[in-house]
Amino acid sequence: MFYVLLFAPLLGFLINGFRFRSTNAKLAGTIASGAILLSFISALFYFGQLIKMPAEARSLSFILFDWIQVGDFSAQMGFTLDPLSMVMTLIITGVGFLIHLFSVGYMDHDERPAKYFAYLNFFVFNMLLLVLGNNLLVMFVGWEGVGLCSYLLIGFWFSDPEKAAAGMKAFITNRIGDAGFLLGIFTIFLTFGTVTFTEIASSVPAEPLTGWTSPITLACLFLFIGAMGKSAQIPLYVWLPDAMAGPTPVSALIHAATMVTAGVYMIIRMNVLFLAAPNAMMIVAIVGALTALMAATIGLAQNDIKKVLAYSTVSQLGYMFLAVGVGAFGAGLAHLMTHAFFKALMFLGSGSVIHAMHEEQDMRKMGGLKKYMPITHATFVCGWLAIIGFPFFSGFFSKDEILWMSFHSPRGHWLLWVVGVIAAMFTAFYMTRLMAMTFWGKSRVPESIHPHESPVTMTIPLIVLGFLSVFAGWLCVPHGLGSVLPGHPHNFLDQWIHPLMGKLEMGHGSLGMEFGLMGVSLVLVFASAFMAYRFYVVDPSLPQKAQARVKGLYDLVANKYWVDEGYFKFIINPLVRLSRHLWADVDVKLIDRATYSISDLFKNAGGGLRMVQSGNMQVYALYILIGVVVSLFFLMAR
Amino acid sequence: MAEVVIFYVFSAVTLFGALGVILHPNPIICALHLVATMCGIAGLFFGLNAPFIAAVQLMVYAGAVMVLFLFVVMIFNLKQEGKHIFSPGQFTNGLKVLFGGMFAGLLLSSILFKINNFGYLTPDKAAPQFEVKNIAKVMFTDYVFSFEILGLLLLVIPIGTVALSRVRGGTHAK
Amino acid sequence: MGSDLFEISVNIGKMLGIFLLMVQMVPLLVWVERRGSAFIQNRFGPNRVGPLGLTQLLADAVKFLFKEEFRPPASVAFLYYAAPVLALIPGALAFASIPLAPPFEVTFNGQTYKFLFQVFDLGIGIVFVLGISSLGAYALLFAGWGSGNKYSLMGALRASAQMISYELALGLSLVGILLIFGTFSFSEMVEMQRGPLSFTFLGQPTTISFLPNWGIFYQPLGFILFFAATFAETNRAPFDLPEAEAELVAGYHTEYGGLKMLMFYIGEYGHMMVASALATTFYFGGYELPFGSESLQQSFSPLAYSFILFGCFLTKVLVFLWIFIWVRWTLPRFRYDQLMDLGWKTMLPWALFNTVLTAVVVVLFHSSGS
Amino acid sequence: MLSNLFSIGIGHYLFVSGALFVMGMLGVLLRKNILVILMSIELMLNAVNVAFVTFAYYLNDVNGAVIVLFVIAIAATEAAVGLALVVLLYKNFKEVNIRFFEHLKG
Amino acid sequence: MDAIVPILVLTLIVATFGSLLVYVSSILGPKKHATHAKYMPYECGLPGQESSKTNVSVRYYLTAILFIVFDIEILFMYPWALTYREFVEAGHGAYIFWVMFVFIALFVFGLVWEVRSKALEWD
């Protein structure tokens, strides 16, 4: 059963991979979706099994085979189903299935649907490897695999050079992170002599180490570099907005719901290690908060609907890192889950819009789509309310928990809270702006385009995800909030993963403080959302005036702080120049000359030895015989 | 007594056949000698209490491989041109014989002088280790992977030979 | 061979007896064939010499004896003479390994000896017979190449290509029988076919008392494939392409005459007898009587009972031999491409199917009970 | 010494195996005809088989017998491929002398 | 193992019998003067067309190669079939079935390839 869970996507990949020339999107989609559905059902089965177990013993392990045995080092191809990987598996297969279903409609007219679905299945397989592996190496295999699939899918329409370039950019940026991750694995192996999660967790010292150069801190920082790459944090976030070149369901699955959260998952998985390195956690929290803020500001000025969502994703990922950085792993996971739902929903919704608009992504050419696409609009509203943190929608609970934790946790700081709230404010603004420009207000749709509601295979996933976006938050109601709500809902998710978490004493903050802070953030969020509504629906001329007033700031934001250009100017171009010099001066003049002279030597020597190689097979056999006789003599003489 | 007869009769057939293979100028006669060798070896297997392997030897070598050899010789009439049966080259041939002799001396003398030391190895004639069922059990449990790989090899070989025999005008021609 | 003179001499006598049985069947079969073909074709056949033309055989034998000995100059002497001798050996060896009746015990000089009713029992019966009969191709190749005649060579090549092609289907059709019986040994197989039809069905022992426990009821498809393949193995009609006189003069024995020709005939009929004996042993209970063996066994002495069963075996074999002859004079000859197609593209897949089917059925019938 | 001749043991079979191997080796080294070289290779493989079965019998170990079955299978297929190559060579060059095919000369 | 002595003896007997027949016919048969025509290879009385360097179809030897391969596959099925019942009764029926099923699947794949590549077509 477990192998069904793990290998059904691989099987789907193989089937679709072998018939990659097929253009039958329905069949390919059915195979791929069926594989994921099978996987999802098995995951549900195991979920039922885990729930029945006592809380401390919730762990099932499966060893496929011994993978590597070298000296002291041993790694198994082994998998663990524990509460944490269970949640991830359910998200991956569940959301993955919905997105596969959506793709059937979305990729209907594509030329290579079988290839697309094969990649998508392969991605799910690798993602499952990543979350289910019981040691860092298996995780790394999955980590690389999802990177590969991400590259393949971003560049899926590779005939467009820009899109192919976006794929390469994602891949190369990820390589930097992966190098860090690999260094982290090495450091961990050097320190603990093992790469298995449970063994690492049990051998981490109980007392936190405050030094900057302690191996644990180093390992954590290296791992975090890996997470930066995969989860698009400053400074390696630049690939994610470009990754929107891929098909929209890919953006939903890989670049919103699952792959980009792998970094967060990895840190939660290694939480015991990170708790022992407070400095590393501080870096994580600061980078997360800054990313949340910076990406949110960039999102304010984007006009491409998918770019807005991409920056929003980066920003929300920043929130998650903020959460895990201050030790609120449960909150991080909760936000990971709710974000997977509402962001996948919004990406799919945007896909539906783009599909309806005939591949038009510019929001300035939309507007007033509400009356053409009622279902898309209704579900999008759910996602919008969830992301801005409207009370009792899913994002509200998780985001509020993060903000409260960043203030209250012993590893937190009030500055982090301030940054978080400002980011939340901006989030509310740009999301409302997106809603307003796309669905509300007057239509700016060109004459030639007739928007229409999407087919039923596309709307069903939207409806299911909309439902989840609204209600999933009740799985992770913050403790303080739960105590005053009717029925006193527990923080189910926190309790669920509690056995896996290291010990971090949170203390009891005052309930009044918590509600006060929540009130402040809610007021700011509502105010900013209302302002955006005023700007883009009530009086569409206002944005122009506002832009003119803060022109410098606007340009800075609209051009994404010139980060890409900066990278080119200060890193890539100097590197290219340096390597050109290396090639022209060192390689050609020094190394080549040396190797040529050496090769000349061998060439001449070989000319002499060429006589030996007469082409006469029997003489070759004679050489073998001579060798055998000589070695026999040696053996017998001993 | 029976085992002495078996051993000497069949090893005589085997070695005589082998001599014929390496000394006779006509490839057809060589092949026929090889058939005799194969039958002799099958007899030796009988003597070693392995009748199944002996029968397999008969079926595969005597019944299939040698038939193929004879087919090829007969169909293509691969007669030897010229009267030399050995490769030319006095020096290398001398070396070959010299080292071959040294190898033979080392190998056979080491076996000969160890015959008495091998006395402690007494076969358990009643032991069922050569019953085909035991062979099969080992083959389908311990060696099951090799077995499936062999299946793959047996898939590849005919494809390769069929492809080879259809090539016209060299290996690179279309 | 035996531990004392009595045992050795009985064994040698048994060996000679069984071999001569095989050789002496040949003239009889020739007569049956000629009379039978005449009967089928609405003619008389040989009916002048002796009663029913039976002594025609003797006359023929004498005629063969006094034929001129002749060897074409283009031939290779050793191969040319060795081929007919070689044609005898595989059939004789294979026939000698088949049990013709259960073992019997004889008391002589106060000592009890146990004799097998066969020349030797290797315990790996089937594989040995297949291994030995695969040597049959050499007789053809020797004759074909040794005659120095291109028609002989072509006939030999055709015959051996046909033999090896059908050996596949033959060997594969036996896998089903092995799956059912789980043994290579002929005598164990025959033992297993004693009594009424009984098997385990879904873990329930089931007995059908009005049918004997014969292999044919477990392997009907396997039997058909096996029997068809033996026709090709023996180069009999409708698979007698190598001797197709319209195309190849007379096949690989074009250049043979007299007793040498006769030896090829003995080889061919020997093959037929081996095939019939094998079919009997695998699928029709061997020497076992279909019914009533218990009462017979009690009313006769063991030696006499052995001979009664031997008669039973011989009867079954003769029925098959008659079928061989009947088919030869009923069916037309195949074309060579049809023949190869039948072997490779029809019988081989069906035999594979039979194997898989039998394996599935064995799993279904046997595993649910435990 | 003479009694050794009549009490057959492991050494006798190994001696035959060794002798067979040496003959096959000399055939490979010395013969001119590719076909005969192939046959000599078969001789060597069979010598090894004899050694395998001998050891399996005298050491009471069934593994030797299993290996022999694999060797037989692989050697037979090797002969099939080898012959296909020889036939191809013969069809193209009308030549079976191994010294003719020295195109891999350095 | 002792069964091999009867095999040897029987082989000897049959070979002697056969050689005897060949020899007897050479003694008893008439000796006639041979003509040139009699010494020619027999081709239904027509003069020999050409040498024995005939162009025989390459398919014979292809058939032989395929036979070797399939023969080995079938040989490996024999031990399998022999122990099949024992595996099944020990409760490993599915295992031993799939072991051979994979093998047979490869076999079938090869056979189908050969048929489709027209290596088995005779014309």
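In order of appearance the chains are A, B, C, D and E, and numbering begins at 1 in each one.
FYI, a contact is a pair of C-beta atoms (placed from the backbone, for glycine too) under 8 Å apart; a residue touches a chain by one contact, two chains touch by 3 or more.
Nothing here was measured: the structure is a model prediction, and the numbers come from that model.
Between chain A and chain C, the least number of touching-chain steps is 2.
The fewest steps needed to get from chain A to chain D, moving only between touching chains, is 1. Chains touching both chain A and chain E: B, D. Across D-E and B-C, it is B-C that has more C-beta pairs touching.
Averaged C-alpha coordinates put the centre of chain B at 5 Å from the centre of chain D. Taking each chain's centre as the average of its CA atoms, chain C and chain D sit 34 Å apart. Centre-to-centre, using mean CA coordinates, chain C is 16 Å away from chain E.
Put simply, the C-alpha centre of chain A and that of chain B have 61 angstrom between them.
Across the assembly, chain B contributes residues 2-3, 47, 49, 51-52, 56-57, 59-60, 63-65, 67-68, 71-72, 74-75, 87, 96, 100, 103, 107, 132, 135, 139, 150, 154, 157, 161, 165 that each touch 2 or more other chains.
Multi-chain contact residues of chain E (touching two or more other chains): 2, 4-5, 52, 56, 58, 60-61, 64-65, 67-69, 71-72, 75-76, 78, 82-83, 86, 107, 114. Residue positions of chain A with contacts to 2 or more other chains are 616, 618, 622, 625. Screening every pair of chains for touch gives A-B, A-D, B-C, B-D, B-E, C-E, D-E.
Residues of chain C that touch chain E in their complex: 1, 11-12, 15-16, 19, 23, 64-70, 72-74, 81, 84-85, 88-89, 92-93, 96, 119-122, 126-127, 147-151, 153-154, 157-158, 161, 164-165, 167-168, 171-172, 175-176, 178-179, 182-184, 249, 254-255, 258-260, 262-263, 336-337, 340-341, 344-345, 348-349, 352, 355-356, 359-360, 362-363, 366-367, 370.
If you check the complex, the residues on chain D that touch chain A are 25, 28-30, 37, 98-99, 101-106. On the chain B side of its complex with chain C, the touching residues are 2, 28, 35, 39, 42, 51-52, 54-59, 62-64, 67, 70-71, 74-75, 132. Contact residues on chain B toward chain E in their complex (touch as defined above): 2-3, 5-6, 9, 43, 46-47, 49, 51-52, 56, 59-60, 63-65, 67-68, 71-72, 74-75, 77, 125, 132-133, 135-137, 139-140, 144, 147-148, 150-152, 154-155, 157-159, 161-162, 165-166. Those residues of chain E whose C-beta lies close enough to touch chain B in the complex are 1-2, 4-5, 8, 52-53, 56, 58, 60-62, 64-69, 71-73, 75-76, 78-80, 82-83, 86-87, 96, 99, 102-103, 106-107, 109-110, 113-114, 117, 119.
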